[in-house]
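Common to both upcoming complexes is chain A, partnered first by chain B, then by chain C.
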Partner chain A sequence: MGKYILKRIAGVIVTLLILSVAIFSITHIMSGDPALAMLGSDASAEQVEALRAEMGLDQPLTAQYISWIKDTISGDLGDSYFRHQTVIQALSERIGPSTELAIISELIAILIGIPLGITAAKRKGGAVDLAASSAAILGMSMPAFLLGLLFILLFSVNMGVLPVSGYVTVAKGGLSNHLSYMVIPCVTMGLVQSALIMRITRSSFAEVMGKDYIKTAKAKGLKERVILYKHVFRNAGATIVTILGQSFGSLIAGVAVLETMFNIPGMGQLIVDSVLKRDYPVIQGAVLFVSILYVLINLVVDISYGFIDPRIRVTRS
Partner chain B sequence: MKKNFKKIAAMIMTATMMLSLTACGGGGTTSNGNGGSDSQQAAGEPVMSDVLKVALNADPPTLDPLMSTGAIVRDCNKYIFEGLFEMNENYEPSPQLCESYEANDDYTEFTFKLRQGVLFHNGDEMKADDVVASLNRWLSKNSAVKSLITNGEQFEKVDDYTVKISLTNPCYTLTAAMCAPAQFPAIMPKSVVDAATEDGGISEYIGTGPMKFGEWVQNQYLLLEKNDDYKGPGYELDGEAGDKPIYFKEVYLYFVTDATIRTAGIQTGEYDIVSNLNYDDVEMLSSDPNVKLDKSLMGYTGIIMNKAEGTLGTNEKLRGAITYALDCDEIMAAAYPAEGYADVYSSMMPEGSKWYTEKGTEAINSKDMDKAKELLKESGYDGTPIKVVTNQVYPQHYNGTLVLVQQLEDLGLEVDLEVVDWTTMLEYKKTKGTYDLYYMDYPAVTTPTSLRTISQTDEGWTTWPEFLDLLNGVTSAKSDDEAVAAWENCQEYLFGRYSYVPLGYSYYCNATTADIEGYHSISCQCIYGAYKAQ
Partner chain C sequence: MANVNAKETDNLRVAKLAIKENRKIKIQTFMKNKMAMVGLIITVIMVIAALLAPVLFPEGPIKMDNPNRFLAPSGAHLFGTDEFGRDILNRTLYGIRISFVIGGVTALITFVLGMLLGLLAGYYSILDNIIMRICEGMMSIPPVLLGIALMSALGGSAKNVVIALSIVYTPVVARVARASTLSVKEMTYIEAVKSQGAGSFRILFRHIAPNILSPVIVQATNIFATAIILEASLSFLGAGIPAPEPSLGNILSEAKQYIFKSWWLTLYPSIVMILMVMGINILGDGVRDVLDPS
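Now for the complex of A and B:
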């Protein structure tokens, strides 16, 4: 197991190096100039050129990349063009709200998606399955921002019980005020993610439940609960954990549209804002950070397979 | 029974969480007291309130007035900083931080007497050293001023309360340029100016304005605190100039980029004032008793034709054909679908300004398709696509452009429409030969020399030497009459060469909750004099 983890970590380093080249290239290939974004449309050509030189953007791309990667390896992601702070400061400010949004949304998604998926698999072809599957398809097809807007219309504009948008820290507004701002975004994301989890849970459970060893267990007269949780769940678990990992990764990386719409100062809003302003150091730092996060989540998911399914552990060892 | 419970438990989980969290966080929208019942109270004497929440449509990249030309930057920092002059309701400069000024007969020497006893937010008195440092930084940063003051002249201190500048060439429009909305000469302590860096600008936001900098959380809000030591010039508010009363201890400027959220926010009372609403929402909001609609001048709108080398705009006959063909009423109606938010006229300077003129406007909005087709034939147009660029960040740009494209196609032109994001749009605007046409709007200005649409370095490249000579007549004029007459000649020349198609002037749609009284706005929304009815 230890050798396997070391091998995976070595793979991660190579992946990240390749990613760094891709991130840097894509960021700089984008049309638009950060100096112009800073100065605005009335700025003269000489002002733009002077600011580009100050930002180091007049240097050849390879020189800029080497300088960036050297600093990054030494732990310095650079300074934002537009924020009076370093990229690391910007990221550390944003990771909190995104993590909170991700954890609450994922919990909602798990609490809705897994029980519904299991119930639908157990009653495959029945009314419950049909209703749950239809709801899941609707949830997966509906853009999150649209669902969010519908919730705003219902709970904020019509009922007046929840705020429209914004973010208040616990320290500033108290826990209840803080949570009231998080309800609509979390439920919106939770519902959208639950649709995916429900579909995967249903299909994994249905597949395992059709296996011979489950039929044998039933024939032996084992209780349904034992079959479901001891046999079906452990065999279908790997697929569900994979989708949970992906879902959590995408949530923590920032749900760009939703964070921007609800004005939540998370990773998604930071990335969107930085892309629109061409804040290269922040884009590069944030995307690299998100990539590392994804890779780590995948690593955790991979390792957790061994605990869920002993056969995987044996094969790898 | 147990199974039934399991089945419905998952389904009601979301609703349960929503209701429980709602119960403990119910203060979200109702605690700020902007409910409808209060809104029906009659207006009375202004009273002080604790907090005002304003939702702005964009997020400023900086608060340094000289580091960006964006309107949002001015919308945020104008409460902190003031200039020697501010724009009044007639688009004229009015003294703000200066008590008076004198210019010699040929407008080559200006002497400014400063108001005494004006305090910066750090408690220091504003003196000539601060003003000289601020104004000289303005000279080095503002591109429009660089074209007026071309020989590197600088402001100088005469004594603690007097500042002067001596110029080689006359500059009749200097004071007007000092209250242009973009990159305005904000007066700040010399120490702040000295500490400013080239790429980051100033790092302390200390001015003389009616509000002090409190806290800035990027992408979230700017908190401003009432400046109890504020001292106005002693005359009633006139446009952006004059005494600026503030009736709130704290003002939060929230950056809410989604127009739908701003609309919902004003309906629920989460925000007291919102700016730049969707014009499509005007009808719905006008029937809401809890909301009062307001409009403020956005600026001038027009079709930029690129006249730089390598573009179709170098063909004057083709520009003429387009000018005669365009239906400006139709384009503006699409861009500003709500009634009353656009005035269609052809003068480059606004109605009500001394610079307003209809000279040379015959071809504009004439909708004369016969003449247009005749000019198109003479132009020798060979079917090369006209490249039109636009963006969707500002819906009016996109909506107006769609109608523009249709009209160009009706004329018989091939059109290649490219929709880009705002930063790419800025790059297009600055790069020669990359486009042929675009629809654009700009903030209103006090003097025609500040018009972006006559720029020689971008925005269509208007570089004809004859025109520059005529424009020189405006800056070197010796009187109002002489300057206005010179500008009339400029406009006539530009329109005679089909340089640009003005569409008119447009307005932002802003809104307040019904309990906000005294809301005032001119070139952008203003909270001076606004208060919450008790």
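Now for the complex of A and C:
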């Protein structure tokens, strides 16, 4: 098991290195000069040159990359060009709303997706299966923002019970006010995610239920509940854990669109905002942060495989 | 000698017949799958609607008509009009046109590039580490973020959306192609061709490539639908196809500003978009059931 974990961690380090090169290259092929953007178009050429030198933009790219990595490892992601704060400050300010949005959405997705998937797999072709599978295809066929728009149309415009967009902290507006702003975004994201979780749960459960050892368990008269939770769950577990990890990872990024749309001051909104302003350090820092989170979640998923299914740690190490 | 030749052609004939029969069975399974047929019909209707856009609206989707701003749906404007008096049905049809082109071209490009990278990575173990590590690195950036970052680097246009989406999705296809190559490579018939002295190029493209097509095509069909969704999201955020050129994403982004005043701006394009992607998804599921039954 130790060897398996070490191997996964080594793989992650290589992935992170490549990731950092990719993020650095993308932000640096962006057209437009941040120094010029900061000073405005009426600045003189000398002023721009001076600022470029101050920001280190006149160095060769490899030198810029190395100094960026060194700073990053020591915990310094640089200063925002436009906000009067460091990237770390900007990120820590924004992480709260994003985490809340992601966790509530994921909970909604799990609570809907897994029970529905299991029920659908148990009676394949039955009414629940048909309804749930159709709903899942519907859910996978729309971008999250579109479902959000339809919810706004229904709950805010038509019924007038929920606010369209915005964000109020618990401290400022009280819990119920805070939640009224979070309902539509969380339910939107949760429903979209539950479609995928439902489909995967259904197919992995159905696959395991077709196995001979489940037939044996049935034949020897075990109760359905025991079969389901002791035999099927354990064998279908690895797939479901993977998909939960992936869905949580994609959620952290997926909320970017919803945060912008609902005007929630989270990481996603920060990234979209910074991209429009070409705020290199913030883009680099935030995308790196989110991607590292994504990689780490996958690492945890990979390692938890080894615990759920002992066969994996043997074959993969 | 003549005898041997005759025998060979006989074998060849039987093999060809078998392939033909196999294809016929596949088409029959597809036709019997009711869901898949529904998907096919929806998709075909959408394609026809997209193709008809220039016939129904020869004036194009951009022309403004200020006296007719914010008209509710009626016989003259089935989907209503927007803040510039433009017909929403018109813009929606041109929007699906762009969606289909972007989804289709992205699926094609990622199919070709992913196949190539996957074959090389799966066949040559030296390249495997390099190509797959880069793919993993790219895949660890969430698609939406990578898309936004690339679009801001490239600038907004339909062509750049295709480039960005291809960069986002090629690693996904490459991974599938590589996995299949790895298993096909070990098959006895590859060993047989090798022992007959076939070159690597011939083995890769004549013998391995045709045998990994199914899972890769399934993946590419998936990408067709997801690319359409991601393009809409990017355009919705203002990092995709720039207005006034219509795309389902930027039509809906404009609609959001007037959601209290003109519900039809949001509702009708949304329904069309859901139907379109759902059609493609159901069709894709049908294709998967035929090509990759497991």
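The rule we apply is simple: the second predicted complex is superposed on the first by the 279 of 317 C-alpha atoms of A that agree within 3 Å, B and C clash if a C-alpha of one lies under 4 Å from a C-alpha of the other, contacts with A are read in each partner's own complex, and residues count from 1 in each chain.
Throughout what follows, a contact is a pair of C-beta atoms (placed from the backbone, for glycine too) under 8 Å apart; a residue touches a chain by one contact, two chains touch by 3 or more.
Computed from a predicted model, the values in this text were never measured in an experiment.
Undergrad: With both complexes superposed on chain A, which partner does A:Ile200 reach: first (chain B), second (chain C), both or neither?
TA: neither
Undergrad: Looking at the overlay, what does A:Val232 touch: chain B (first), chain C (second), both, or neither?
TA: Touch partners of A:Val232: none, neither chain B nor chain C.
Undergrad: Tell me the contact category for A:Leu149 with respect to chain B and chain C: first, second, both or neither.
TA: Both partners, chain B and chain C.
Undergrad: Going by the contact rule set out at the top, does A:Ala120 touch chain B (first), chain C (second), both, or neither?
TA: After superposing on A, A:Ala120 lies clear of both chain B and chain C.
Undergrad: Give one of first, second, both or neither to describe whether A:Val157 is in contact with chain B, with chain C, with both, or with none.
TA: After superposing on A, A:Val157 lies in contact with both chain B and chain C.
Undergrad: Touch test for A:Arg278: chain B only (first), chain C only (second), both, or neither?
TA: both
Undergrad: Which partner does A:Leu39 contact after superposing on A: first (chain B), second (chain C), both, neither?
TA: Once the two structures are laid over each other on A, A:Leu39 reaches chain B alone.
Undergrad: What is the contact status of A:Ile95 with respect to chain B (first) and chain C (second): first, second, both, or neither?
TA: It touches nothing on chain B or chain C.
Undergrad: Just to be sure I read the superposition right, which of the two partners does A:Leu51 touch: chain B = first, chain C = second, or both, or neither?
TA: first
Undergrad: State whether chain B or chain C is in contact with more residues of chain A in the superposed arrangement.
TA: Result: the larger residue contact count on chain A belongs to B.
Undergrad: Taking the two structures together, which residues of chain A meet both chain B and chain C?
TA: 31, 149, 152-153, 156-157, 164, 260-261, 276, 278
Undergrad: Which of the residues in chain A end up touching chain C in this complex?
TA: Its residues touching chain C are 14-15, 17-19, 21-23, 26-27, 29-31, 137-138, 140-146, 149-150, 152-153, 156-158, 164, 249-250, 252-254, 256-257, 260-261, 271-272, 275-276, 278, 283, 287, 290-291, 294-295, 298.
Undergrad: Considering the complex alone, what residue numbers of chain B touch chain A?
TA: 6-7, 9-11, 13-14, 17-18, 21-22, 24-30, 59, 61-62, 67-70, 73, 141, 143-144, 146, 182-183, 198-200, 203, 217-220, 254-258, 260-261, 264-265, 267-268, 270, 420-424, 426-427, 429-430, 452, 457-459
Undergrad: In the complex, go through chain A and note every residue touching chain B.
TA: Residue positions touching the partner: 31-34, 36-45, 47-48, 50-51, 54-55, 81-84, 108, 111-112, 115-116, 119, 128, 149, 152-153, 155-157, 160-167, 175-183, 187, 190-191, 260-263, 265, 269-270, 273, 276-278.
Undergrad: Where on chain C is chain A touching in the complex?
TA: So the residues of chain C touching chain A come out as 133-134, 136-138, 140-146, 148-150, 152-153, 155, 225, 229-230, 232-233, 236-239, 249, 252, 255-256, 259-260, 263, 266-267, 270, 273-274, 277-278, 280-282, 285.
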